[in-house]
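Labels run A, B, C and D following the written order; every chain starts at residue 1.
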Amino acid sequence: MKDFGFTITKDRQIDYDQHDHRLLQFVLENEPSFQACISCGGCTATCSAGNLIDFNIRKLNMLLRRGETEGLEKEINKCMLCGKCMLVCPRGINTRNVILKIKEAIQKFR
Amino acid sequence: MKLEGKKRIWDDYQKEIADNNYYFQRSCIRQNFFPGSEHAFLKILKNELGKDICDDEHHTTCTGIGYHADVVLFETIMTVVARHFALMTEKGYENMIISCVTSFGIYTEILETWKHFPDVLKKVRQHLKKATGREFEIPKNIAHASDIIFKFREEIAARAKYRLINRNTGEPLKIVEHIGCHYSKMFPVHGVGGAEFPYVLQGMVESWGGQIIDYPERRHCCGFGFRQYLVKANRGYSVANSKKKFESMKPYKPDMIVCNCPGCTMFMDKWQYTISEMEGKTYDENGFGIPVLTYEEMAGLVLGYNPWELGLQMHEVQSEPLLDKMGVAYHPDEKYKDAAGNYLGEPAFPTNLKVCV
Amino acid sequence: MTKKVAIIGGGIAGMEAASVLSRMDIEVLLIEKRQQLGGHVGEWDHLFPNFRPASEITRSLLNALQNNNIKICANTVVTGIARKAGLFEVKTNQNQNFKVDGILLATGFDLFDAHKKEEYGYGIYENVITSADLEKKLKGGNVLTTASGCVPKRIAMIHCVGSRDEKAGYFHCSRVCCITAVKQAIEIRQKLPNVEIFCFYMDLRMYGKGFEEIYREAQEKWGIQFVRGRLSEAGENIDGGLQIKSEDTLSGRPLKMIVDMIVLMVGMVPAESTSQMAKMLGIHLSGDGFIAHDDVHFGSNITNVPGIFTAGTITSPMTISDTIADARSAALKICEYIA
Amino acid sequence: MAYHHFVLPFSIGMAALFAILMVKFTIWIVKLESVDKRLIRKNLFSVKTLDAMGEVFMESLLHRKIFRKNPMLGYMHMSLAFGWFLLILFGNFQAQFYTRTMLHPPYFPIFFNFFVTTSEEYLFKASFEFLMDLFLLIVLTGLFIAISKRFYSRIVGLKKTTKLKFFDKLALTSLWFIFPLRLLAESFTSGLYNNGDFLTGSLGSFFARHLMVEKLALPAWWGYSLALGFFFVALPYSRYMHIPAEVLLIFLRKYGVRTRREFTSYSDIEVRSCSRCGICIDACQINNALGINNIQSVYFLRSIRERSVGDEKLFTCMLCGRCENICPVGIQLSDLRMTQRNKNGVQNTSTYDFLVPPKYKVADVLYFAGCMTHLTPAIKKSMLKIFDIAGVNYYFMDSDKEACCGRPLIQSGHYENAAKLMEYNKKLIRQSKAKVLVTSCPICYKTFKEDYKLNIHVMHHTEYILKLVEVGILLLEKGDSKVVYHDPCELGRGLGIYEEPRILLNKVARLLHPDEERENAFCCGGSLGSFNLSTQQRNIIRDDALAKLMKPNPDKLITACPLCKKTFSKGTKVQVLDIAELVAASVIVPEAKKALDMQKHETVLVE
């Protein structure tokens, strides 16, 4: 293939129809409270890991909802499971179980 | 898709287009990359329609590329445009035809600015006077060259030698139209049919027997974007936009793409080559790519002009499959000859995109 | 002598005000341009937040109008109002001429014309409908299908169509569309349990009693997904599906998806008649095109012209509960005036 | 020699039982971890064996623990176990006295009354006859309660009884028949030969008057033998296997064997030792407050046996330890649950590279607030105030860069991931050269104490503050507010810290006592141990616990855990404070404090 000195830029667009939604289905089935997320970001704000690095649990959950699971594993592994997010969630989402289920789903659908 | 719905919108976006006596403003990209196009346009207006049109050798670029690449100031470009108005005024014309969509966008933007800020207009008059000693009148009517072809589409249809119909099947050719962002996205009222469902190219295609394809990414930019193309590091972004369009139109199996804007024609055409070289991908069934024509070239084909005189061999995607579908007569051995019949030699051929030799 | 009031507009505001005034022994002329009373509510199927049939509202309002003090003039349009000797003379297209002590304007709102958002393709793409169209379909009781007769698998509900949109010419929030979207989404899910529903919103304004609760129910029980982002454009696919684009602002990424149907949540805009009426009577309009009140806190129901009052959505978008309350307070104000 | 064909079912059953038990015990012991085997070898010939025998007697026969919890239930178990034991023991004595030899077939004492029908005298004949009837009566009363419990469990004060499987049903039915059939068989025979004591004798003469006892006696003996035979064969495959398993468990426990992180042979013995008494169900707040009654330890252990442990049983549990505290068999229920949560090797994928230790910092005392304490800043502030007043040279190790202690990960089964966090914290602790680590969070406290293997003194702030008060560094003023103290699970049942907070509270307030405290304290419902409970469910548990805690009508509710504080404060209008807050508000700052010598500090540091 010819080298033009540039490559075709990868789309930043979330192409909802091209994604694998099995992970999301698995998490929702096993922790239905995740449905109620309103993306307020309280979890991220209190997150022990998030205060040290660019670890955004709200955004990760959001991307999971959109089927954007690439890179999810690397990110979710930064969670220390301390549970602060669960204590601040205004919608009473069982955030720790959401994370455990994401981890489980990653193993399952690898 | 409901046609009545579109008609309703087209009714809302009727545009006044002058009948005759035009001052012609050429396009940098069009005359350089598709030189047969403007030639054909003048020929159609003068010979077929008998119009008075002034092709003035004194006008320059509008500097739109520089302007959109942030190297030419708005004040500068306004003065350059003012000079063109002055040339038109001096030649005694009041109706301007602009060949380039970028220029068209700039002209409309400038005229709109002057309407809202008369002080700016005053200043521009001073600048022009100071710089060149010229004075100008604001044109009575401004049209894009495609608006003129659109206006006289039925006259052209009456003189047509070929129609946009597949000779083998009798079906209308499936045509993708692309009007170019600056034609009407900034000022929908200045475009025939507005910005969302523009009618300018669709009207021509319908009158000449073809069928327009409305695909999901129709409104998407071709990817030129000035800065995006001009800076090499950004070209990947430019090509990605064209690719998005090709992917979206592919399922419709279009026979050709017709473009309004010279920049779009160039990129829709040349990026097909680039993508084929980079990824081995082509967007038609047989590996030739989808021919990309300017509306003048399309009109020229319909009127039976020699495809090589129209400059179709200058395109990256070769048009023989399209010519065959339309039944256009052409001489393959004249493809690489100049007007005097001298053989110019073959260009280098692409690796993946098929070419009729 | 019995006092007389003309109520222009026979929607729920006019009806409620009429029944309240009639019970206070005031003669009421209820003028409605259409054959039927009930206005927009009469065309609605079920209501938020409790999914009550809309017909219950109109029926109970109609029952309250069975009263000797009320005269209903259907198919009647007011053509002129003049002030004569402390009274108003109301002329209609039926060549009637009424003398009344006070006038209550209750001509309501118009639904935003979704054609104006050209990029959404309403009237062009087969499967783009408005919330009002959906309500008609629901009212008809038929199974919701796409134009080609298939059961939709994915539906997008687009909030704020014609509201909070400078490009559409309206800055105001229509207040009821968010909750209507939630209500309609739940109704669709109840009828089509396998359909996926995405609500594209700019802000969710669940301000009323019970609104937040059904929003939550929509998420938890019905699995309706909410995407914060405004639809930029829709395009039709080769198979009649609709490709929609928006930004998923909470992921900070553009989003594209194919849906089978789009429901545009059209907002409430000032009725065409409002500006004509205002001009005829010299009543002030506020910047949003609705009728203005001089005092934002104490001025409800009162216009700058003594004797002319307002009720309901002629002054701003309102829910049914707010409209009923507004109509009752209008009746009180008008009573004070003519007493 | 006395023999009749009807003894066959009993004899075969008994032989089968012994054979199966031998095999099972051998497998268990062979499969034990080598460390555990070493413990057995070390302690086998020590006083621990005698100790174990004593416990077997107290627990397996007398059921002391059940007695304590519920006398009715205790009597039921004791009458069946100990009554039967006495029947066997005295039956053998009787046989020996009769035959005057140690050698008689094993069935002979069991069916003594069938074989010995003559009025032939032997030593203590009358006493034996009386005792045997008495023991039978005792057993029968126990059996009566057991049968009633099966049909109406509230008789013994249990809200819920356990559900049964096939072999359980077989064994249970056989068991129910054994003693009534024995009673019938002996009574018929007595009626026939006109002997027997107060029970069998009088019943026998009654039967003889009304029934054809000569035709009924033999079938009854057959029935008795069959019931025994069935019971013995079914036993190893039924819940009654817990009887022999518990005996083994008691010995192993006395030798020092414990549940480990992985499921070992010892865990299997524990699982089999469960008597399905169901006491754990009654202790469980998830049952009492939420009415969820399929996840409690008894069912959880069953799911292990049946290899059907699901997420619900595994992760709903709050690990509060109430069931473990009350389990009559003494099974390490929380640790057993953890063996099943263990995800090591599967999801050992976390990376905490982003944790970079801050600059080298030396101090005498390390303060680790813990993640939850950061959500209850008043506790933090109070602790810092106490440190300052006490003039302690401390380093607040998680003041801005909070690394979790790792316990939540451990509780989720990710021990290897937790170890990564522990490594980071250990590094901080080591480099500080501190002698004491004080933490405000009992969750952290437990893991620092048990999992970190630190060579410095780890204290919960309750203990530390008390120490400061005892050596006179902190002077407290007694207030007149009435307070109730809530024992956090991890601090109380977890680590046995019951006295320190109470001593402290008595110094600053009037301590009132709720009905359930110390070992019996409730969980607040906020537990990190549960992963499945919804907020609503947690709120119900909280409100239930609060209602009981608030009975003495206190002005303040005091606890010693940030999570308990946060959970409770959302459920009551009464002020909820951490003990540190109350102490910090009651500290007197006398001029004399400055004169205190460093020696006092040293005392604290060294201890």
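Just so it is clear, a contact is a pair of C-beta atoms (placed from the backbone, for glycine too) under 8 Å apart; a residue touches a chain by one contact, two chains touch by 3 or more.
From a predicted model like this one, the values you see are computed outputs, not experimental measurements.
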| item | value |
| --- | --- |
| Most centrally placed chain, judged by C-alpha centres | A |
| Greatest separation from chain A - chain, by CA centre | B |
| Leading chain pair when contacts are tallied as C-beta pairs | A-D |
| Chain B and chain C, separation of their C-alpha mean positions in angstrom | 46 |
| Centre-of-Cα separation between chain D and chain C, whole angstrom | 65 |
| Centre-to-centre distance between chain D and chain B (centres being mean Cα positions), rounded to whole Å | 85 |
| Approximate Å spacing (C-alpha centroids) for the pair chain A, chain D | 39 |
| Multi-chain contact residues (two or more partners), chain B | none |
| Residues of chain A whose C-beta touches two or more other chains | 33 |
| Chain D: positions in contact with at least two other chains | none |
| Chain-chain contacts as defined at top | A-B, A-C, A-D, B-C |
| Residues of chain B touching chain A in the complex | 232-237, 239-240, 243-244, 274-275, 277-280, 351 |
| Interface residues, chain A side, partner chain C - complex | 12-17, 28, 32-33, 35-39, 58-59, 62-63, 65-66, 68, 91 |
| Residue ranges of chain A in contact with chain B within the complex | 1-2, 4-11 |
| Interface residues, chain B side, partner chain C - complex | 1-2, 4-6, 8-9, 194-197, 214-219, 248, 251-252 |
| Footprint of chain A on chain D - complex, ascending | 311, 315, 346-347, 349-352, 354-355, 371-372, 374-375, 400-404, 406, 408-409, 412, 414, 421, 526, 528, 531-536, 563, 566 |
